[in-house]
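Each chain gets a letter, A, B, C and D, in the order it is written, and its residues are counted from 1.
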Amino acid sequence: MNTSYEIAIIGGGVIGSSIAYHLAKQGQKVILLEKGSLAQGASSAAAGMLGAQSEEQESEAFFHLARKSRELFPLLATELKEYSGIDIGLVSKGTLKVALTVEQVKAYQKLISFHLRAGEQADWISENEARTMEPHLSDQILGGVYIEKDGHVQAPKLSLAFAKSAAVLGAVIREFAEVRSVLTQNGSIIGIETNEGRIDCERVVVATGTGRSDLLAQLGLSLPIFPVKGECFSVTTHAPLLQRTVFAEGCYLVPKAGGRLVVGATMVERSFERSVSVAGITSLLMEARRLVPAIANATWESAWAGLRPQTPDGLPYLGEAAGCKGLYVACGHFRNGILLSPITGEVMADLIAGKPPRVPIDAFRLDRTLAAANLQEKAVK
Amino acid sequence: MNTSYEIAIIGGGVIGSSIAYHLAKQGQKVILLEKGSLAQGASSAAAGMLGAQSEEQESEAFFHLARKSRELFPLLATELKEYSGIDIGLVSKGTLKVALTVEQVKAYQKLISFHLRAGEQADWISENEARTMEPHLSDQILGGVYIEKDGHVQAPKLSLAFAKSAAVLGAVIREFAEVRSVLTQNGSIIGIETNEGRIDCERVVVATGTGRSDLLAQLGLSLPIFPVKGECFSVTTHAPLLQRTVFAEGCYLVPKAGGRLVVGATMVERSFERSVSVAGITSLLMEARRLVPAIANATWESAWAGLRPQTPDGLPYLGEAAGCKGLYVACGHFRNGILLSPITGEVMADLIAGKPPRVPIDAFRLDRTLAAANLQEKAVK
Amino acid sequence: MNTSYEIAIIGGGVIGSSIAYHLAKQGQKVILLEKGSLAQGASSAAAGMLGAQSEEQESEAFFHLARKSRELFPLLATELKEYSGIDIGLVSKGTLKVALTVEQVKAYQKLISFHLRAGEQADWISENEARTMEPHLSDQILGGVYIEKDGHVQAPKLSLAFAKSAAVLGAVIREFAEVRSVLTQNGSIIGIETNEGRIDCERVVVATGTGRSDLLAQLGLSLPIFPVKGECFSVTTHAPLLQRTVFAEGCYLVPKAGGRLVVGATMVERSFERSVSVAGITSLLMEARRLVPAIANATWESAWAGLRPQTPDGLPYLGEAAGCKGLYVACGHFRNGILLSPITGEVMADLIAGKPPRVPIDAFRLDRTLAAANLQEKAVK
Amino acid sequence: MNTSYEIAIIGGGVIGSSIAYHLAKQGQKVILLEKGSLAQGASSAAAGMLGAQSEEQESEAFFHLARKSRELFPLLATELKEYSGIDIGLVSKGTLKVALTVEQVKAYQKLISFHLRAGEQADWISENEARTMEPHLSDQILGGVYIEKDGHVQAPKLSLAFAKSAAVLGAVIREFAEVRSVLTQNGSIIGIETNEGRIDCERVVVATGTGRSDLLAQLGLSLPIFPVKGECFSVTTHAPLLQRTVFAEGCYLVPKAGGRLVVGATMVERSFERSVSVAGITSLLMEARRLVPAIANATWESAWAGLRPQTPDGLPYLGEAAGCKGLYVACGHFRNGILLSPITGEVMADLIAGKPPRVPIDAFRLDRTLAAANLQEKAVK
C-alpha cells in the first residue's frame, strides 16, 4: 500500500470530501481518511438547504462567503454528475420564509431591507400571493419573504459526489481509518499515524465536523466546537405538496424529488447522541401541520438526526494553523456545511496551493478572538 | 415437485400458519401457500396483545374462545421454541386499563363486574396503586382495571414460529404462491390451481385475513370482510418505562423485550392501503405522551401499519362450507388474530379430522345470519 | 373520492407508469392502480440496460421498436426530471459485448454484420482495444463488439419518475388497489371493480407484467406469460472499475453512479418466487470474477431478484382486445421492459387516442398466432 | 445529569456489557459508555459459537476459562431473559467438526485425545454416523468429532441482553459517548473526561475490543491488539438444513432459529475496515457448498463483517493495571468474546470487589511477557 501523499484530509463528510475533490482537480496527490463510512454524519442528516439569505447575517464576511458558495452550485452539479454519475438534486425554485405573527412580519421586512441594501433580491409576498404560489399553505400565514436564489440539494448525495469524483480524479479514499496523531518535525507536518500505519505527507487538513479536538490539542490548537443535534423526518405524496422550500420559525419543509418532503429541524444543544426523540418528532409534526395542514394525509417515511458543529461565534474555522506549518483546519460549519462546502473546498485548495484565497476568509482564521462571554454561555448550556 | 397433499392451506399469516402447525402435528400432509412472504400482513403489524378480557364481550361464544386460546400460550411457547428455535416473546405481566375520565371509571367498573360474573379476575386499581405499579404513568390517570392474565407476545415471531414449526414437522411451505381457483367435483374439493401449477388435495382451508372474496365467490360463498387499518410506532429506552401493557381509549402501550415499547393503534375503516399517515402518527404520539409523559425522551424506532380483517358482527368465520365438501374457512379475526390463533388452529384441525371441535364454534359458522343493518352500516363508512 | 375516469391503468410498474404518464401529458383523466407499492416488481429489479442491439433479433418489428424506444431516452430524461425532480440516471457510454471463446468471436462478428445491414453501428474491438477501453477486463477476453448506443438507466428511478410525473400532470395513483373484475356492457368497457369500490371508465389498460391472466380470462382473452426469475447483486468501489456495460454469455456488469456495479442475471424459468438462491449468487460471482478479476476486492452491497414476464414467442402483447371495446393490453415485455417503456407508453397513448401508432405494432397484436410448439415447450420447462 | 459513579466502563460490546451487568447485580453504581450504539462491533458480527473445545488449546489457563464460561450459559440465559425480556437463543445441540482429508482425520483424533485427557467429552464419528446425524452433509466428509457441549447463542442478543439487564439493575448507559482521557491523581483513577463532560469515578474498566490504545498509552500501558476481519453470510430455509454446528477448516455453519444458517468466517489480518469483499463471500460460498451441497437452494439473506481483537499470544488481557490504581482492562478476546463474556464479567467483578477471581487469570495479566517474535510477526503481516 502506498503510504506517501502530498495531502492527507481527515474527515469524509461534505467538507473534507469537497476539499479532496478540489485538490484532486488541481492534480494533487490526496488521501481522504474517514473513521467510519463516507458521509455518515451531519452531511447526510442535513435537509440540504442553500439558505444564504434565509437569515439576517451579522457577519458580512460570512454573508459574502455564503453567497459566493451558493453561486457555485449550478456548475458544480454538472461537474460532479460528469465525474461520479451522481445527481446532487439541485433545485432552484427559491425559499418562502413565512410569517405567522405580526412580530415576524416586521422582522422579515427588516430582513428584506437588509438584502436590498446588500444588493440581493428578497420580495415581500402577501398572504394571497403566498397561497397562490403554494396552495397548500395554511391560512394562518400572514405573508412572507420570497428568496429566489435559496435553493437546495440532496445533502447525502452531494457529499458522496464530492468523494467519488475525487476518487475518479485519483484521490485515495480510506474508510474505517482512524487518525491517531499528527506527526511534526521542527514545527512542520511530516505525516500522520493511523490505525493502519503511518502515512507520510507534508500537509494535513482537519475537516472533521464536531470532532477531534484531541488531535488539535496535541498540536497546541484549541478550537471550541459544540454539537447541536437536529432531528428531521420525511414524508411522501404522489403529487408534491410544495414547490418551494417553506421556512418558518422552528420548522422548515423542503420539497425533494418524487414528492418527498423533508421536515426539519430541532435544535438540541450540547448533545453528542444522535437518537431521535419522541419530543422532537412531536414538535416537528405539530409545526409542519400548522404550516401545511394537508401534510396530515402524507405518508410517513422515516426520521433521523445529526449533529451540527457549532462554534462560539457561529463562524467556521478556516485556515492554516499559526504554529504548525502544513496544518489546515476547515471545521465548525454549524448549519451551513452543505451550503459552504463548494467555496470551502475552493479556498482551502487556494491556501494549500499557496495562493491567496479567492474570497476573504480572514474572519474565519483559527486564531481569531472568540468572545469569552460566548464561550461561557455555550459551555453552561 | 410433489403435487399431491391431504390439505392445502391458503394464507401464510398467523391463522394459516397455526392451522398448518396443528395439522402437521397430527401427521397430516399439508401444504401452506402464501402469495407473498410469510407473516407479512396483519400478523406482523400487530402489537401482539392477548387481550381476552380487555373489553366487555357481547358474544359469550367469542369470550369463551378468547379465554381458551389465551390459556394455550404458555405450553405453546415451549413447543414452538422446541420445534423452530423461535422464542415468541410471551410476557405474562398483565394489562392495566387506565381511566382518564369519570365516565371511563364507571365503564371500567362495569367491565370488572362483567368479569367477576364470568369467573375471571379483574381488579380495580386506584390512582395511587396504578402509579405504584407503573411509576411513569401520568398523574391524569384516575385509576384503572388490572387484568392479570392478559399478556402479550411478539406477533411476527408467533407467525413465523407456527410456520417454521410446521415445516419441521413436514409441512411444505410455498411463498409467492398465488391460488387462482379451487377445483371441485360433484361438490367436493379435488384440488387447487396455482401460479405454479395444479395441486391435488381433498381439503382446502382459506385463511387469508382480509382477502380472496373472489375465490370464495367462485364457490358460491359470500363472507363479507372489511379492512380496518391500524397504525403503530415503537420507541426504545434502556431501562423499560413500563412493566405491564397500558391500555386506554384510543391508545395502548405494550412493553417488549429490551426496553422497546410498541404504541398503537389507529382505526381507519375501509382502507386497503397500508401507508402510515402523518395524522395517524401525530394522534398516537399525543395520546402516548398524555398517558406516559416520560416517553418524550424515548428514542424513536419506526412506524408501520397493517389491515385488520373485520366482519359485520365482529366475529370470525370458522367452519366448513355448507355447499362444498372439504372447503374450510378461518378468516375475519379482526383485532384478535394473534390471541385466537392457537385455538383456531386446534378447532380447525379438529374439524378437518372429523372430530367435534374442543370449543363450541357454532357462533362463528359461515352461514350464520349477519344483520343487514350491520352490513349496510359497514358498507357506507 | 372521485370514481369516474377516462382511463384506468392496471399495474404500477414501468409499463403502466409510462402509459399513465403519456396519457396524462395528453390531458386525459387517468387513474393508475397498483396492487402493492409502485415499482416493486420486475421494474425495480432490472439492471436498466437499454440493450437494443446487444443481441441479434429475429423479429424485425421488435428490433425497430427497441431502437425507436432507445432514441427517446435523452429527451425523456430531461422531461421526467423537470416534472418529478427524479434523475433517471441515463448513461450513454455504450456496451462492450465480450467474447471468451472462438465460437463467441464468430457469433459476435455475425451480430456486427446484422447491425451493419440494419444501418446501425457495431464495431469489432480487439483484445488490446478492449483492455484499453476497460483496463480491468480479464486477459481471457478475446475481443468483443462495441455498441455505442446501448446505454442504461436506473430502473427503479425510471418507473417512479414516470408515475410521479404522471401525478404532477394530474393522474391519480392508488397503491394497494386490487382490481377484482373488469366491467363490460354490450361488449364495451364500462368500469372496474376494485377492493375499494367501483370505478367508472371507458377504457382499461392491463399492464401487469406477469400477472392477472385471471382478469383477462374473465374477458375471454388468453395471453400466455411465463415468469423467468433473474437474480442480481451489486458491489461498490470508490473509483469505478468499468466505464461501459460489459456483457458476456451468462453475465453482465453495469456501472452505476458513484462506483456502484450491478451484476446480473440468472435465468430461472417458470419460477414465481422471488428469493435469491445461494446457487444463483455463486454462479454470478464466478462469472463476474472471470470477466473482471479486480471485482474480488470490491465491497459487497446486496442481492435481489425479479420476475421477467416472458411470452411464447418472446414478443410483448401490445394492442386493443378484439372482442372487448376499450380494453387494451401492454404486457409480456420479458427482459425489455425498461428499454421498451417509452415507446410502449407512446404507442398505447396513440391507440387510446384513436390515432395510428407511430411505430408499427402489428407483430405484437393480442390475437397473433403463437406457435403451438413454443407454448408446449414453455409449458414443460 | 448525575456525574459521579463508582465505576465507569468504556465499551458497550459484549465484554463491557457483561461487566456492567455483573457489577450492577452486586449493587454497584455503574456507568457504561459506548462511543457509537450498543453492540455494533464484533459483538454483533459474531456467529455466537460457544466453541470451548473446537480447537486444541495450547494454554491450559485459557482452556479452563473457556470451559468455565461455557458452563455459565444455561443459568445466564434464564437470568437475562428475566431481567431484560431478551432471549439469547442458547442452543445446546453440540458441534460436529468434520474432516475432509486424511490429515484432518489424524489431527482431529489428536484433538479427541487432548479432550479425553482433560476429562472432556469428544467422540469420533464415522462418515456414516455423521450423515445420520446431519443428512445434508456432503459425502466428501470422512468423519468428524462430535463435541456435545459446544453450543451457540445469538451474539447480538447476548450483548444487548447484558446491557439492558444492567440498565434494569440500575446501571446508566450512555451511547455516542466518547472518552477523551482517564483522569488520575497520585497514581489513582479519579475520573474520566468525555465528550459530554467530566465523570467522577474511582474505577475505570477498559473493555473496548480492538480500540483505544491511545487511552491506555496516556496511562503508560502498551497492550498490543491487532484486528482480524471476519466476513459472514446467512441464508434461510423453511425446514432447517442442520441441527448442529458444522465446523471445518475455513468454514463453519451455525443453525439458528427459524431455519436460518450463519456461515462464517474469513480471516483478514490487520484490517480495520469492515466491508464485505467479493473475494470473501465467494470463498465462503464455495466452502459451504462443499460441506452442505443442499445449501445451493437456500435463500440468501445478507452478508456482514466484524473485527476480532487479536493479541500477540492469542490470549485476552484481563486484570488491573500495575501502575494505576483503579484501572482495569478486559480486552483482546479475539474470536472468543461471546464465549468468554460471562466468565469475564464475573472475574472482573471479583477483582473490582477486591475478591480473588473465581477462576485463575494470571495467564492473562496485563504485564505478562509477550514473545517478541510474536509481536514482530503480527506487526509485519
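A few points about this structure:
As a convention for this text, a contact is a pair of C-beta atoms (placed from the backbone, for glycine too) under 8 Å apart; a residue touches a chain by one contact, two chains touch by 3 or more.
If you're wondering where the values come from, they're calculated on a predicted model, not measured in any experiment.
Contact with subunit A and subunit B alike is made by C, D. When chain centres are defined as mean Cα coordinates, B lies farthest from subunit A. Rounded to whole angstrom, the centroid-to-centroid distance between subunit B and subunit D, based on C-alpha atoms, equals 39 Å. Shared interface positions of subunit A, i.e. residues touching 2 or more other chains, are given as 275.
Chain contact summary for the complex, subunit C toward subunit B: residues 174-178, 180, 195-196, 211, 213-214, 270, 272-275.
Against subunit B, the residues of subunit D that register as touching in their complex are 84-87, 89, 91, 160-161, 163-164, 167-168, 173, 238-240, 255-259. Looking at the complex, you find that subunit D touches subunit C at residues 235, 275-282, 285-286, 288-289, 295-300, 302-303.
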